[in-house]
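In the two assemblies presented below, subunit A is common to both, partnered first by subunit B and then by subunit C.
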Partner chain A sequence: MNDHATTPPRWLQAALLAPGLAALLITFVLPVAWLARVSLLPQAVSLLPQAGPSVPATGLSAGAYARVLGDPFYWWIIGRTLGIGVVTACLAVPMAFPIALFLARSTSAWRGVLVVLAIAPLMTSTVIRTYGWMVILGRHGIINSLLLQTGLLAMPIRLDNGLFATVVALVEILMPYAVISILSTLGRVNVELEQAAALLGARLPQIVLRIILPLALPGLLTAALLVFVLAISSLVTPQLMGGGRVFVLATEIFNATTVTLDWPFAGALSVVLLILFGLVISLYQRVLARMEAQA
Partner chain B sequence: MRGRASALSRRGALAGLGAAPFVRARAATMPTLTVCGFHGPFQKAFQAAVIAPFLRLHPGVAVVYRPIMNSAQLLALLRLERAAPRIDVAIADISISILATAEQLLAPLSDGEVPNRAAIPDWGRGRNFNGLAFSRDNLALVYDSRVIPAAPESWMDLGRPALVDQVCMPVEDTRGVALLPVLTRMAGGDYRASIDPGLALMRRFAPNVASWNAQPDLYTLLLAQTAALGVGWNGRGQMIGRANPGTIRAVIPREGSVAQINTINLAAGSAHAALGATFIDHALSVETQAAFARMAFYGPTNAQVVLPESLSDGIFGGPAVAAREMHLDWTFISAHYGNWIRRIQREVISA
Partner chain C sequence: MSPRAGTFCWRLLVALLYAFLLAPLAVVLVVSFDTRPYLSFPPATVSLHSYAAVLRNPAFRHAGLTSLTVGAAAASLSLVLGTAAAFALARGTFRGRAYVQWLFLSPMLVPHIVLAVGLMMTLQPLGLLDTLGGLVLAHIGITVPYTTRIVSSSLAALDRSCEEAARLHGATPWQTFARVILPGLRPGLVAAGLIAFLFSFDESVIALFIAGNDATTLPLAIYQYIQFRTDPQVAALSVLVVALTMIPVAIVERGISLRRAVGG
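Showing the complex of A and B:
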């Protein structure tokens, strides 16, 4: 009886779901289907004028996938993309955790302001923030200038234009997402458990390691997933901070789309990236389900 | 006085607001030509030297300039808008013009529609592209004269030991594809046979390279003193140098350089085809070509244009540059474009 009273009728459920599903269909499913179709086109969009008019060809071909999967260079790029995502997540989450913990447990009247400050960088464009890192890490940047002035260096060293600069910028740029994610989890952790532990003589490191961390683990995993996914799909930061040396899937998709005009290849790389997302998300869900089962 | 100025501006603003609907209505009834071309300094020069005089000659017409990052983006737009083109006139690299013509995205132009077509040499109205050559530019060494007071003379200066980590080589695009034949010839080879010698020479410059990136562009890196020397375009380098005196300069190395041709094209299916052809004719006229060359340092394509010696010395078509010109087979290069870029990525940048 109660169930009937609380569960809305099916038609209402469907009506409520319809706008969201329609939006998802238009903004996600259809573009992805189009992308998949492009990835299966023969390489008609080629730069081979002598091969005849390159009007869009008909038929389907797995040629673009064969080129991606049959070339060690692209396996290397896939590995590097995943590596950058893992390193960025592994650095951003531990750095975001103390900030989120401080904000979650702060009783200061300024807490609201501090939370806004922690996530304020998200209000600035990624491009601007990446340019900021170029100023800091550049040949005549703040760090090189300081090291030269203090006599620790005789000549500027290259801190920008490479993998190091890319990871540093990505960690800083994506950290606010981790802070938000962890903060929301910590808000649900019962503070009385920490107080009880403290009353029983536990010190702060023990409370953090044995009570807060285990309870916040799902949130930490979500934060890591968020940072990882954003890092492996990031284009602007590897493009600007990598100095053309950091090849990742996003930069290759960009090049294939705008420089070599190889759209089937760009489509195939995009689908590979989507599959990576899918694999990581399913792995995350399995880990989360196991944790919940153990709890 | 200040109060009066404010009152005047308030009155002006009110009058402007009152007139706005009528201005908008007039603009809506006016034929509007959409011209798609490169962004940045090119756009600035094109608007001043080509569009502004055209509007003075045709007061009943509006021209909208739609900036693009590069020719590939233009091709993408033409493909997407194939059924209902919103671009009337398109400016593109010759390689993209060839491709867009093959895809039937560009309309042919006749001498009747564009009388100035007759003044364009054969190379500028090729059989395999429907557009017409509008401007020419050269690949050049672009440098910061604050760091390198004496102009570099050779492409080999890219490997100068004093310039470790101060060179910018954005070679993952047309610049790399254009530089390879030059380097291949310097190493005693022929790019049609093999680009291996050119790639080997490019690899020798790698230790000096701070950035292989096209973004942020070479000119920004030079102005910010993040790089001191790089591979860029002569016209753009000179134009930015003029806007920032005592900083950027461009030079054609003694081993020679190659030309990049920009074409002006009428989009197939344009709703303003006749007006578009008139605009293209205007862009190719002697006066417009000379004005654009003076403003943007791009070489004119109209054979009747005579430029002052001071200007022609530094741009394509001038005697000094012509003597160092290396002619490229762009159809051959277009066919190998993607493969060459991939080889640069693997055998030079990642090596």
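Showing the complex of A and C:
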């Protein structure tokens, strides 16, 4: 009853929603729908101005999808994309866990600063952090200089330009997401349980393995999902670290849109990536629901 | 292993992980003081030469201006649209509210690269490719879910009885909004606007698809530069960009803790 006084009138509700809805329509609904439509165009038409006047885009064909799914190369690309996602998630989550646990249980005066240091990299562009890894792993980079100076190497080795460099950079770039996600779960794990276990004589490794890890499992899973989906859709890092030799879905999409100007093909690859996204997220929800049912 | 050795190993592990996490930014900072035209480590000199070169570089200056303009425009528009939508969603009683709410959050579930391709195909016939307007529009799209969500949660935290008291004492709806609701929302609004600005300022994938020749943002300028060259100039530019993103964060942090200190 009281709520009535603070509920805006109908026309105002509509007026408040309309601009946001319009913006979402133009910047989200329309582009995704148009992308799906273009992926079903018959011939390899580009709608870019430099490719001549716009080709009338009509007709319906699954040709672009047939070209993706009929080519073993693209199955290999899909497999490699998923592989990079899994490896990145499997490295980033265990590496983020100690930082999150340390921050969650720290009573230090520096805790605030340490939280900011763990999360601040999120506020710096992926391009800049990828560049940092180019400096570290490059031919004249830090690792090579150190190995040369200590006499462990006679010639600089190639650490950059490849799968290894791409995964190292992705792990570092996506770790802060995992730290945030694990930190928020650890905040909900009851400290008294740990204290009780410690009083009963459990050592720290036991407490971590038997109490904290099982209770934090949903948070670890969320962190893994987040890192995985961000890794399989990342473009800048594989493009720059891979030196044109690491092929994943994102680099192929970029190539088809800007180099070969094959828009239906780019659309089909994007839809494939979107479907992978949907599958992984629904799998995650199913696993999470099962874990909650067991708890 | 004794407990002390255990604690030491544990702290060492955390320190090493921190070193890994902060390595690229630390390295960029160190390299930015070098003067040699190629990438090498450790630096031969300590000078601000590269910084001066960046500030004189017309391409970088143009990109900086573009990034600031697009970030400010996208963040303020996204804040207005998101706040209005958050109000309608929090206080509205229309049918299908759950669906609209979901629609406002759904762009977060779509990878940026897919949005980028779709935006490129949509903005092209509108003649908005490689324009400031196109970039602003695209960045509104990716930031509106966040501004809506942040303002929604601050609205949910407000005590509605204050609004009711204001209305009972004869305040008009507008007065209630301006004098009661808005002050309570301020921290949420500042956070939402800042997040939107930073997302726009750091965004590179969408910009890579829909801009690049004329409307070049800073991440895009850095990307294009390091594809061919890796000299210290781009390190200096990177340090400046990171500093530019940290300044607003630090100011807001300080503002909030200052208010906390004053408020006791």
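The rule is simple: the second predicted complex is superposed on the first by the 256 of 295 C-alpha atoms of A that agree within 3 Å, B and C clash if a C-alpha of one lies under 4 Å from a C-alpha of the other, contacts with A are read in each partner's own complex, and residues count from 1 in each chain.
Everything below uses one rule, namely that a contact is a pair of C-beta atoms (placed from the backbone, for glycine too) under 8 Å apart; a residue touches a chain by one contact, two chains touch by 3 or more.
Here the structure is a predicted model, which means the values were calculated and not measured.
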Problem set entry | Partner chain(s) touched by A:Thr258 [first = subunit B, second = subunit C, both, neither] | both
Exercise. Of the partners subunit B and subunit C, which touch A:Ile281 in the superposed model: first, second, both, neither?
Worked result: second
Exercise. So, A:Ala293: does it touch subunit B (first), subunit C (second), both, or neither?
Worked result: neither
Exercise. Does the superposition put A:Ala154 against subunit B (first), subunit C (second), both, or neither?
Worked result: neither
For this session: Examine A:Ile99 and indicate which partner it touches, taking first as subunit B and second as subunit C; both and neither are also allowed.
Result: second
Exercise. Which partner does A:Phe73 contact after superposing on A: first (subunit B), second (subunit C), both, neither?
Worked result: first
Exercise. What is the contact status of A:Ala109 with respect to subunit B (first) and subunit C (second): first, second, both, or neither?
Worked result: neither
For this session: Using the touch criterion from the header, give the chain among subunit B and subunit C with more contacted residues in subunit A.
Result: C
For this session: Could you tell me if A:Leu199 is touching subunit B, subunit C, both of them or neither one (first, second, both, neither)?
Result: neither
For this session: Quick one: classify A:Leu240 as touching subunit B (first), subunit C (second), both or neither.
Result: both
Problem set entry | Touching both subunit B and subunit C, residues of subunit A | 47-49, 54, 131, 134, 138, 140, 240, 257-258
Seminar exercise, completed: So, in the complex, the side of subunit B touching subunit A is made of residues 69-70, 72-73, 75-76, 95, 98-99, 102-104, 128, 165-166, 170, 172-173, 210-216, 224-226, 331, 334-335, 337-338, 341-342, 345-346, 349-350
Exercise. If you look only at subunit A, which of its residues touch subunit C in the complex?
Worked result: 2-3, 5-8, 10, 13-14, 16-17, 19-21, 23-24, 26-32, 34-35, 38, 47-49, 54, 95-96, 98-99, 102, 114, 117-118, 120-121, 123-136, 138, 140-142, 145, 169, 172, 175-176, 203-204, 229, 232-233, 235-236, 240, 250, 253-254, 257-258, 263, 266-267, 270, 273-274, 277, 281
Exercise. Tell me, which parts of subunit C touch subunit A in their complex?
Worked result: 6, 10, 13-14, 17-18, 20-28, 31, 38-42, 77, 80-82, 84-85, 87-89, 91-94, 100, 103-104, 106-107, 109-115, 117-122, 124-125, 137-138, 140-142, 144, 148, 160-161, 163-164, 167-168, 173, 176, 198, 201-202, 204-205, 208-209, 218-219, 222-223, 226-227, 230, 234-235, 238, 241-242, 245-246, 249
Problem set entry | Touch list for subunit A against partner subunit B, complex | 46-56, 73, 131, 134, 138-140, 156, 158, 160-161, 239-240, 242-245, 247, 255, 257-262
